[in-house]
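Scrolling down, you'll hit the structures one after another.
Next come two complexes built around chain A: one with chain B, the other with chain C.
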Partner chain A sequence: MRETALKLAAAASLLAGLTTGAVAQQKTVTIGVSIPAATHGWTGGVVYHAQEAAKQLEKTYPGLKVVVKTSPDGAAQANALEDLSAQKIDALVVLPFNSDELTNPVREVKKGGTFVTVVDRGLKDTSIQDIYVAGNNPEFGRVAGKYMADTLKTGNVVIFRGIPTVIDEERVTNFEKALEGSGVKVLDKQYANWNRDDAFRVMQDYLSKHPKIDAVWASDDDMALGVLEAVRQAKRDDIKFVLGGAGMKEMIKRVMDGDKMIPADVSYPPAMIATAMTVTAAHFFTNAPMRGTYVLNAQLITKGNAKDHYFPDSSF
Partner chain B sequence: MTDTLLRTAAAKRMFNPDMRALSPFIALIVLAILGAVINPDFLTASNILNVVTRSAFIAIIAVGATFVISGGGLDLSVGSMAALVAGFTILTLNNGGAEISTLMLGALVAIGLGAACGLANGVIVTFGRIEPFIVTLGTMGIFRSLIIWLAAGGTITMRNADLRELYRPVYFGSIAGIPVPIVVFLAVAAIGAVILYKTAFGRHVIALGSNEDVARYSGVPIWRVRTLTYIIQGICVGIAVLVYVPRLGSATPTTGLLWELQAITAVVIGGTALRGGIGRIWGTVVGAIILELVANIMVLSNFVSEFLVGAVQGAIIIIAMLVQRSLQRGR
Partner chain C sequence: MRETALKLAAAASLLAGLTTGAVAQQKTVTIGVSIPAATHGWTGGVVYHAQEAAKQLEKTYPGLKVVVKTSPDGAAQANALEDLSAQKIDALVVLPFNSDELTNPVREVKKGGTFVTVVDRGLKDTSIQDIYVAGNNPEFGRVAGKYMADTLKTGNVVIFRGIPTVIDEERVTNFEKALEGSGVKVLDKQYANWNRDDAFRVMQDYLSKHPKIDAVWASDDDMALGVLEAVRQAKRDDIKFVLGGAGMKEMIKRVMDGDKMIPADVSYPPAMIATAMTVTAAHFFTNAPMRGTYVLNAQLITKGNAKDHYFPDSSF
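Let's look at the complex of A and B:
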C-alpha cells in the first residue's frame, strides 16, 4: 500500500517535474539526510530505506544530490549537522536522536535558510520544521487492541512493554483503551525492553504464572520472536496467536505464509524516512504545496496486504 | 585477605563453617521462601528449572569473571564479546550443512574466538600496563561495534532450519531430567573450582589479587597468570554463547547488553572480593541464580507495579548483601 502510494507520488512529481523542468533551467538541489546509525533493527531499516530512497530520487530528479549521514549518538549527530550545513545543503531531512539535545543544532541549520524536514521524533520547537513526518504511536496501540478485541471477542491477553518512554506509554494506554468494553482482559504487563532475550524470560514467567493465556501482545517483532520460543518450549496450546509490531521482514514473511501463531502485524515503518525524503525532494522539483505534517497510519498487516510491506533486501 | 587460605586448620573449619562462603546459599534459600510465599506457582518444577536454566549464561560467564576479579582484574567487555562471538558462530554455522560436524566447527569458532578476545584483553592489560577498567571498556566498544557492523544493524539469524533443530536440544534438551544448560554450567563451575582451588595456577591468581608486589617477589609469573585469567574469561564466554545460540538462533546488536554488570554482580554476591584476593566459584554460581530468581519473583508477584520492578529488584539485592554481611559479623 504505502510503497505504491510512494511510487504514485514519485510518478506524479516526476510528471510535474517534467512539465515545469522543461520550461525552467535544470536546477541543482542538495538534500542532507541525518539519521541515527544502525544500532538496532529498526534504525537499521531506516538506514537501508534512506539509502534506497537516495538512489531512487537522484534518478527521478536529475540535478538532485542526496547526502546521507549516520551518527551513533546525539552529540555526534549535532556535529554531523554542522558538517552538512558546511556543505551548503538546500534542505535537511533529520530523524533526531532525541528532541532536547538536537533542537538547537537543527535551529542553527534552519537559520542558514535551509528547508527542514523532521522525521518521527519531534523537536521541542515545532516552528523550526517546514515538514514533519511521523509514525502514529497511539494508533499503533489502538490498531493492535482493536485486532485483539475483534479476533478474540473474549479472553485473556498479556502485554509486553518496550523501554519506558513516551512512545511505549502512548502505545500501551491506547491498546488498553481499545480493549475497554470488549470481553478481552489484560492479565499482566511487564517491560521487556524491545529485546528478544528479555521477552523470552518474561514469557516463561507469564506461562508459569497464568494457566490460561489466549493471546500475546508482544508489541514489537523482536519481542514476538522471544515469546514464540518460550511458548514452543512450554508446549502450551492455549495461546492462539502472538501480535508483534513494526514490520520486521521475518515476521512479515510469516504473515504472508499464513503462520497460525503470527496471523497479523502492525506497521511502524522505518521507510517513513523515504516518505520524508520524497516529500522534501518534491518541494523543490514540483509546484505542489508540500509544507505540513504527515502522520503515517499504523496499518494492520494481514495475509492479504503483507507483500506490500515485505522488503527482503532490508536488514530489518 | 588471605584469611581463607591460612587462618584456620582444615579440621577446625569443618566444625566452624565459614559464614562468608555459606551466606550466598542462605540468601538463596531465603529468596526461595519469599518466592513461594508470593506465588505458589513459584515452586513448580518447571518454573525452578526455567529460572536456573536461564541463569546459565550469566553463571558460566561469571565463573570466568571470578578468575579475573579474584586476580585483581576486571572485564567489562564480556557482554559485547558474547554478542560478537555469537554473531561469528552463527555465520560459521550458516556456511555448513545440517550435520554434527558443522556444530563442532561452530563450537571451535566460539571457543577459539572467545579465547582470542580474552587474550587481546589480557595482553593489553599486562603489556600495555593500562587499567583493566579502561582496556575492557575500550574492547567493549570495539566488540559491540563489530557485531553491529556484521549485522548491518539488523539480526544475524541461523538460516538452516534443519541445523537449528539439530542444535536446539543444547538449550531445550535435558540429560536425566536436568536441562543441558544446567549440566554445562555445573561442569564449568566444577572445572573452575578445581583450577582455582587445587592448582598452583589458582593459588597464583589469588596471590596476585591479594598483593601484586608480594606475588612478584615470590616468583609468580605475573603477566602470564593475569593474561591467562582473561583467556579463561574468554573461553567461558565462548561456552556461554554455545548454550545461548540454540535458544533464539540469532544474535542482534542488543545481545548480551549489560551482561558484564550482571556477571560482576553475581561474582560479588557470591562472596568474591571486588578488590581481588578471594575467589568463590560456587558462590558465583549461586549469585547468578539469585539474580535470575529476583527477576522471576518480580514477574510472578502481583503487587509490584511494572514501573517499580527495577527499584524493588535493586532493593532486594542490597538487602541480600546486608544480610550476608551481618551473618559474617555475627559469627
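Let's look at the complex of A and C:
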C-alpha cells in the first residue's frame, strides 16, 4: 500500500510537470513575506491571510516557495529582513511596522537585487519599491459618507476619528464631503485613536452632550465595539445604527445575520497582504508587467456581499 | 502504446486534480476579453499578449476558460460585448476603442452581474468597473525627462507631442518638469499625432530650423522611426540619440544591441492586457481582494533590462 502511494506520488509529480509546463521550465522562486506579528486585531488578519495565501500560491505555482516571517516590533522586523535576505529570496513582500525604522532595512534587501513589494504603510523612499499595494483612504471616507446620506437622508451623526495622521484626515474629509447636499448633519467629531476603550469613553461623552443621535460613524470596527457598549450601557434607543470599518469577522457576521445596529461595514482588508503576494508571484510566473501601484477599493459591505468578506478561521 | 498514453492522460488529470486542489473544488470560470483588432502597432502587441496570457492562465488555473475577441472598430466592439455576454461570461476584461462609444455597452454587460476590468482607456462612468489597469502617463514623461537630464547634463532637445489629449499633456508637462534645474533646454515642441509620417515631416522642419540638436524626445516608438528616417536623409550628425516610448520590439532590440542612436526606451506596455487578465483571474481563484486601480510603472528600458521587455513573437 505504501509502495503504491509512493509510486502514485512519483507519477503525480512527473505528470504534473508534463501538464503544467511550469515544472518543465524548472523555475524556482522564493518569496519572503515580512509582517507584524499579532494574535488579534487587523494585523492578526494580516498574519492569517499571509499564511493562507502562501499555501494557495505554492499550490498554484510549482517551483514557488513562500517564507512568512512575523515580527513583534520594528527592530525585530529589521532583523527578520536580514535573515530573509541571507536565505537568498527573489522577492520581499513587506508590511512595515513604520516608515522611519524600516526604510533603510528594506533598501538593504533591495540592494541585493531582490524584487520589493510594499504593503499598506509606505516607505520614506518610494523608489525602493517595485510594487506598492494599499487601501484607498479617501474612498473609505467617501463610501461611508455616501452610505449615511443614502440611508438616513436626514438626521444627526457623530464622527470618531483615529489618530491624527494623513490617513485619518483623508478619511474624515471625504466622509464630510459625501454628506454635502444631504440632510445629514455632523454633531461632533473627536479622536479615539482606533481604540475600543477610548471610543467607549468618547461615546459616553457624545451621549451626555447630544440627546438625539441618529447614527454613528465609528469609522473602525474596534471603535465600533466600544461605541456599541456605551450605547448598550446608556440604554439609548435613538441611535439607528453604527458604521465601522475594516472588515472584522464579528462585524461581518452581524451584517450577514441582518443585525439592525450593524447593517453595513466598509472594507480595508488585511487580506491586502494576499493581493500583494499574488501580484508578486505573477511577476515571476507570467509575462505580465506587474511593477506599479495597486490601490484597492474601499468596498461597502452589506448583507448581499458579506460572505465574500467573511473568513471565520481568521483571528480578525 | 495508444492505450498507455490514454491511461497516462487519465492518471494525469486525476492526479492533477488531487494535487492542485483547484479541480477538486470544480470551480469553472469564463473570462471574456474584448480588445481592438490589429496586426501591427501598439494594439497589435495587445492582441499578442492577450492570446499568450489566455494560454498561460488556462494552464495555471484548471477550470478557467478565456475567450479573446478582437474588433475592428467601436461599433463592432459593442456587438462583440453583446456576443460575449450571451456566452454567460463571469468576467469581462475590456480595452475600449473609446470612452464615448463603449461606456453604455460595458454597463449593459455589468448589469448582468459580470465582473468588469477596464484597461488603459477609462470609461465615462468609472463606477462600472471593478478593476482598472492603466499605464502611468505623468511618470512616462518624468522618466524620459530625467533620462535626458542625467544623460545629456547640458544641451538642446526637441519634443514630439502626440494628439492634444490629457495623456499627452500629462506626459509633456512632467517631461519638462524633470528638466528643471538641469542644463537641458527645449528648442521646440510640436504635435505629430503619434504617427510615423507626421513625425518625419515635423523632424524635417526641426532640422531646417535648428542647426544644433543634441537629442530628440520622440515620446513614442512610431514617431521615433519617422524621426530616425528624417535624420538619416538629412545626414545630420549633431543628434546624439532619440528617445521613443512604448516598447516596440524593433526599438527594444536596438537597445539590447547597444545601438547608440537608441540607447533607451520608456515602457507603456501593451502587455498591460495580460496584467488585467492576471488580476481578474486572481479575483476568482484566490481569496485576495483584487477590486481596485492598478497603475503600472513607466519603466526606463536600457541594455541591462531590455530582455525583460523583448517579445520577438509579438507583432509589436
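Simple rule for what comes next: the second predicted complex is superposed on the first by the 290 of 316 C-alpha atoms of A that agree within 3 Å, B and C clash if a C-alpha of one lies under 4 Å from a C-alpha of the other, contacts with A are read in each partner's own complex, and residues count from 1 in each chain.
Just so it is clear, a residue touches a chain if its C-beta (ideal position, glycine included) is under 8 Å from a C-beta of that chain, and two chains touch if they have at least 3 such contacts.
Treat the numbers as computed from the prediction; the structure is a model and nothing was measured.
Visitor: Please indicate which partner A:191 is in contact with in the superposed arrangement: first for chain B, second for chain C, both, or neither.
Guide: first
Visitor: Is A:166 in contact with chain B, with chain C, with both, or with neither (first, second, both, neither)?
Guide: neither
Visitor: In the overlay, answer first, second, both or neither for which of chain B and chain C A:296 touches.
Guide: Second partner only.
Visitor: When the two structures are overlaid on chain A, which partner does A:75 contact: first (chain B), second (chain C), both, or neither?
Guide: Neither partner.
Visitor: Which partner chains sit in contact with A:267 here, chain B, chain C, both or neither? Use first/second/both/neither.
Guide: It touches chain C, and chain B stays clear.
Visitor: Examine A:222 and indicate which partner it touches, taking first as chain B and second as chain C; both and neither are also allowed.
Guide: After superposing on A, A:222 lies in contact with chain B but is clear of chain C.
Visitor: Report, in rising order, the residues of chain A that make contact with chain B in one complex and with chain C in the other.
Guide: none
Visitor: Going by the contact rule set out above, which residues of chain A touch chain B in the complex?
Guide: Listed in rising order, the residues of chain A that touch chain B are 37-41, 43-45, 47-48, 161, 164, 188-191, 193-197, 200-202, 204-206, 208-209, 222, 225-226, 229, 233-234, 250, 314-316.
Visitor: Along chain C, where are the residues that touch chain A in the complex?
Guide: 8, 11-13, 15-16, 18-22, 49, 52-53, 56-57, 59-61, 130, 136, 267, 269, 271-272, 274-275, 277-279, 282, 285-297, 299, 311
Visitor: Which residues of chain B touch chain A in the complex?
Guide: Checking each residue of chain B against chain A gives 39, 41-42, 44, 46-47, 50, 54, 148, 151-155, 157, 172, 247-248, 250, 252-255, 257, 295-296, 299-300, 306-307, 309.
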